[in-house]
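You will see two complexes here that share chain A, one where it goes with chain B and one where it goes with chain C.
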Partner chain A sequence: MTQKPAVDQELAPDVVAQPELTGKKTLGGRLASQRVWLGCIAGILALILLPMLSDLIFGGSSDFQLHHISLIGIFILAALAQNILTGYAAQPSLGNAAFFGVSAYVLTWLSSDLGQPYWIGILAAVVVSALLGLIVGTPALRISGAHLAVATLGLVTTVGALLNFWDTTAGRQNYDLSNLPDFLNDDRTLYYFIFAIVVCLLFLSYHLLHSRVGRAWIAIRDNETAAEAFGINLTKYKLQAFVISAAMTGLAGSLYATWATTASSSMSSADQTIAFLAMIVVGGLGSLTGSILGAIFVGFLPLLLGQLPSPMVIGSFQLQISTLITGIYGLLLLLVLIFFPSGLSSLGTQAGNWLQRKPSKGGTE
Partner chain B sequence: MLKVEQLHVGYGSLEVLHGISFDVPEGAIVAILGSNGAGKTTLMRALSGLIPIKSGKIDFAGKAVGRLVAEKRLREGLALVPEGRDLFGSLTVRENLLMGAYTRRSRTEIEQDIERILERFPRLKTRLQAHAASLSGGEGQMLAIGRALMSHPRLLLLDEPSHGLAPIIVETVFEVIEQLNREEGLTIVLVEQNAHQALEVAHTAYILQSGSIVLNGEATTLTANSAVQELYMGG
Partner chain C sequence: MSAFLQVVIAGLVTGSLYGLLTLGIVLIYRTTGVLNFAYGAIASLCACFMYILLTGPRLNFWIALVLTLLFSLLLGIVLERGFARPVLHAPVFTKAIATLALALVLETIAQAIWPQLAEVQHFSTPFEGQALHLGGVYLSAIDIVILVVTASLMLVLNLFLMHTRMGIAMRAMADNIPATRLMGASVGRIFMLVWALSSFLAAICGILLAGQSNLINVQFMDPILLPAFIGAVLGGLDSLPGSLIGGILVGLVSNLLAYFLAGHMLGAVDMSNPAIRDTLIFVGFVIVLLIRPQGLRGRALLRRV
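After this line comes the complex of A and B, so read on.
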């Protein structure tokens, strides 16, 4: 197919080589969606096979590893929630760790103290988080940017302190989650349980983000004035993002309590907030793949650092590695922002561009 | 069709428009000319409901719309093509068009309108799945106009359609404006710095200076006016 860059070139300097992008169901579009489907199927297969592989690699005592991989699934949910709110709906809210903590306590309280079934506990945790999201989101809409970030960070530390206060007045060291269904006590079934939820929510999020609601969020992010001019109700959609994000974080929080079989006030802390933020910035703002990559990166890092001897002795220094993890998150944020300003999810595109550019460079020489 | 009376608009204590009045008959192209800082964009934002008015009246099709929110005015048929186009950069061309129809519900009608707009702007058809941010200036302006048309407007507000475009593209854009008016009977209000182009397509024009209208008349009369020539058309 020959392209004729004649008179119209000024109107479309980069239209060349995209002749297939015309209709709704084009060849290019079909190939792209086929690739997405293939990727999804490969990913799901890998998730199903992973426990068996880890058995092969690490032998029978691999439950420790699998247990940590499950944690990544929980972080994927949390990163997804933060990304919907911050990467798509453009609300720089740092309050999600509060919902993460509260939902863990709601589940543990209902399940351990009141003896309610686990499923009721999960449901209640998600509903309470969504309601809190609504309560927090309503005033948060009137502030923006740095003010919103600082105000919601205040919420996280306040909630963390309240949960800690509850622990203290109840006179408990650990708030353990008992009364779990049997299959959740097994690392392998817990792994499958968590990743089934992750896959479902990734699927739902994908469709949500490609629906009217998702388009409205992106439009608000890209250009708030134009979005308003075309009749998008800013308040409604921002609030929706707050509630959905909070509910999702609540699910992640109650799964975390299930995973750790305990609820801890440190789940609602500035450190946790930074971890969520690091995930989406490292992974890529406004990208589903980015949420996954970021969660893997940030989720795996403590695991790897945990393998280091602590305290580490270098000469006469004793290095307490565990106290450095947050610092390393911060450093990573810095490095990724410098080298991959749009996150790890841009790696694929960047590699593609690089490969495409190479031969054309050779041609001009 | 649009009647503006004694419109005062400002930001906080700063008043930008000091009592503006003008009339737009149905089916007309009315140009409002002014240099940088004359209050052109403020006027467009006030007309489309993006900023509140301080006092005065905006009547559209016999209805007082001056206190309505942007969404209601859009539903009445008052659509804005913003300055600098204000596209949704990370949405595709198609999705941008869909955003223009956000207040409408009928799927089939929306699809028909997209087809109609792509016929008018064939260039967009080849770029349908491209991100709006990757469009050239001319394509972007076509998309901005197409997006506004998706709301089924009765009156199109164009904020500096020539902004940031190469002269040859400006000509194409103004041809499109003229066509929309002639073929579809669309009433058009455009604010422009480029008086030469604007007066060529407009029927009547108003000169806006520091937030007040200082001169108005038939486009042909104003083109011949030596003061206008000197101030806005480079002598």
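After this line comes the complex of A and C, so read on.
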């Protein structure tokens, strides 16, 4: 986000935050990459053990709770996609919700209306999203900044209106996804299915971001002109970011349709865009951990607030919980943007810096 | 012919409403660099405030109007101090996200204080049901008010920006903030004034729109916001006359499309549906943006290395 010149001393804080980006195998770097591996293994173990833990805590309602947790996995994919586009390649696009909605409709249409197998539906949804990403990305290269934000937000509402129009023309209340493979009707296998995909994609994204492509995106983000001067093909890498992000959002959208067993036009709405942005901004722009933290945060919030009675009455005010949830998203986004512009994922680093500074300060006294 | 004239006039009226919004959007964007997606929420908050004054204490329409306009100025000042100032130095995109969040917060606050406005309510004005017939063309009283108010506001705003000290300082700030500060202008006070002025414009637009449709709820501005932004970007986001022209253009095209598409079917698709109209406008907007990325009247941006 900051426009720092590419001087080593200036980059020092970033190097502390993401040692694996420097490529140098220093002692700290090796320790950090060990920490990444330990974190991955711990995370995967936790995901495998979570259903059993949930059995212990919730007993009979365990499957119901797992169903909710699966949603967080879908959010992680969507947050990852938005973060690749916005946090790494620095394209101010608000358009990902459009791919989220379209892919859900493609899957539902192929599966329910045309009776195609589920896997073909998912594949088609991802391919259609990627193509749409290409179609949106090509003009987006010519449009920059504020104009792109308006154009992509317009895309989201226009696509939402068209999907809604399709629903009303076809005369249906809700577009149900039938014809699912049997094992996806079970909450527990759905949980494993979604998180297997999430882990795979996290792994792929991690390596993509540490490859030539990821480094090119970061170079473009930090200074477009300098990146171009170094021979980075701006058009190619920006388009790649759009297509990859769109395909990933498409996967998230079709999984969401699977999860909810329905596709709705509200999946392509300004509110959905805000939810995606809330995830990456609260979590941290340009950080994989940030995408995960942000998605967990946004996913758990309705679960926690859902325990409250609806409508909630405070004094003379009364409020629907659903409204309250969107309001709280908004408030949190604002607070994070104002007070922690680098998000939750930076809290650890900030705390570390603060702790390291403490003793030296004590020494001077 | 008179039917066509009728459509053009309706387009001008809608366009004027969009134009008022685009003016406020561009005013804020040019001077403070905030792409204000919360603009619709500000307008609807002010209009809702007026509705409450009209129905709660049953105030006279004009007294309620004056109080609402004062409220809008105050709201602008509060938003500048509480919201715009802390994010002043953030990148443009971050500020845009922040305004999306602000819109959610404002709408939630409005729904919490006035739960009755979650549903659509009747908004009554003294102009309700009055109309003028001019040689086959039908003009409702509120439409005339909208045209007159927009034109006079435009005139006053133009005089203000071109000939007063404050207005000139405001325009100078849009070009170069440090230089303006060196010339002795109080940049902080101008920021406040810009936000107050633009939320004043938002309030007027909100009240006029509610008066035109006689309907109001917390989210009634949402469908208007996108066309207004399209108008603002078409105008180039950097010139005030351009933005007004952009807004009016979108309003006109929208009404003309509705007129020409009415009753047409493309296969099984009913072309007169608002979704089709909005899509066509959006596609047209993207095409214009591709041919002229800086907007119809905007200047090409020079980027320094």
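FYI, the second predicted complex is superposed on the first by the 336 of 365 C-alpha atoms of A that agree within 3 Å, B and C clash if a C-alpha of one lies under 4 Å from a C-alpha of the other, contacts with A are read in each partner's own complex, and residues count from 1 in each chain.
Here is the rule we go by: a contact is a pair of C-beta atoms (placed from the backbone, for glycine too) under 8 Å apart; a residue touches a chain by one contact, two chains touch by 3 or more.
Not measured: the values here are computed from a predicted model.
Of the two partner chains, chain C is the only one touched by A:F165; chain B is not.
In the superposition on chain A, A:G286 makes contact with chain B only, not with chain C. Comparing chain B with chain C, the partner in contact with more residues of chain A is C. Touch criterion met: A:G231 reaches chain B, while chain C stays clear of it. In the superposition on chain A, contact is made by A:R215 with chain B only, not with chain C.
Judged by the touch definition given at the top, the superposed model places A:G115 against neither chain B nor chain C. Touched by chain B in one complex and by chain C in the other are residues 225-226 of chain A. On the side of chain C, the complex with chain A involves touching residues 29, 35, 37, 83, 86-87, 90-94, 96-98, 100-105, 107-109, 111-113, 115, 118, 222, 226, 229-230, 232-233, 237, 268-270, 273-276, 278-279, 282, 285-286, 289-290, 293, 295, 301, 303, 305. Taken in their complex, chain A has these residues touching chain C: 1, 86, 92, 139, 142-147, 149-151, 153-155, 157-158, 161-162, 164-165, 169, 225-226, 270, 273-274, 277-278, 281, 311, 317-320, 323-324, 326-327, 329-331, 333-334, 337-338, 341.
Against chain A, in their complex, chain B makes its touches with residues 48-50, 70-71, 74-75, 80, 82, 86-91, 94-95, 98-100, 102-103, 123, 125-130, 134, 136, 138-139, 147, 151, 166, 168-169, 172.
By the touch criterion given at the top, residues 8, 10-15, 18-19, 21-24, 26, 28-29, 212, 215-216, 218-219, 221-223, 225-233, 286 of chain A touch chain B in their complex.
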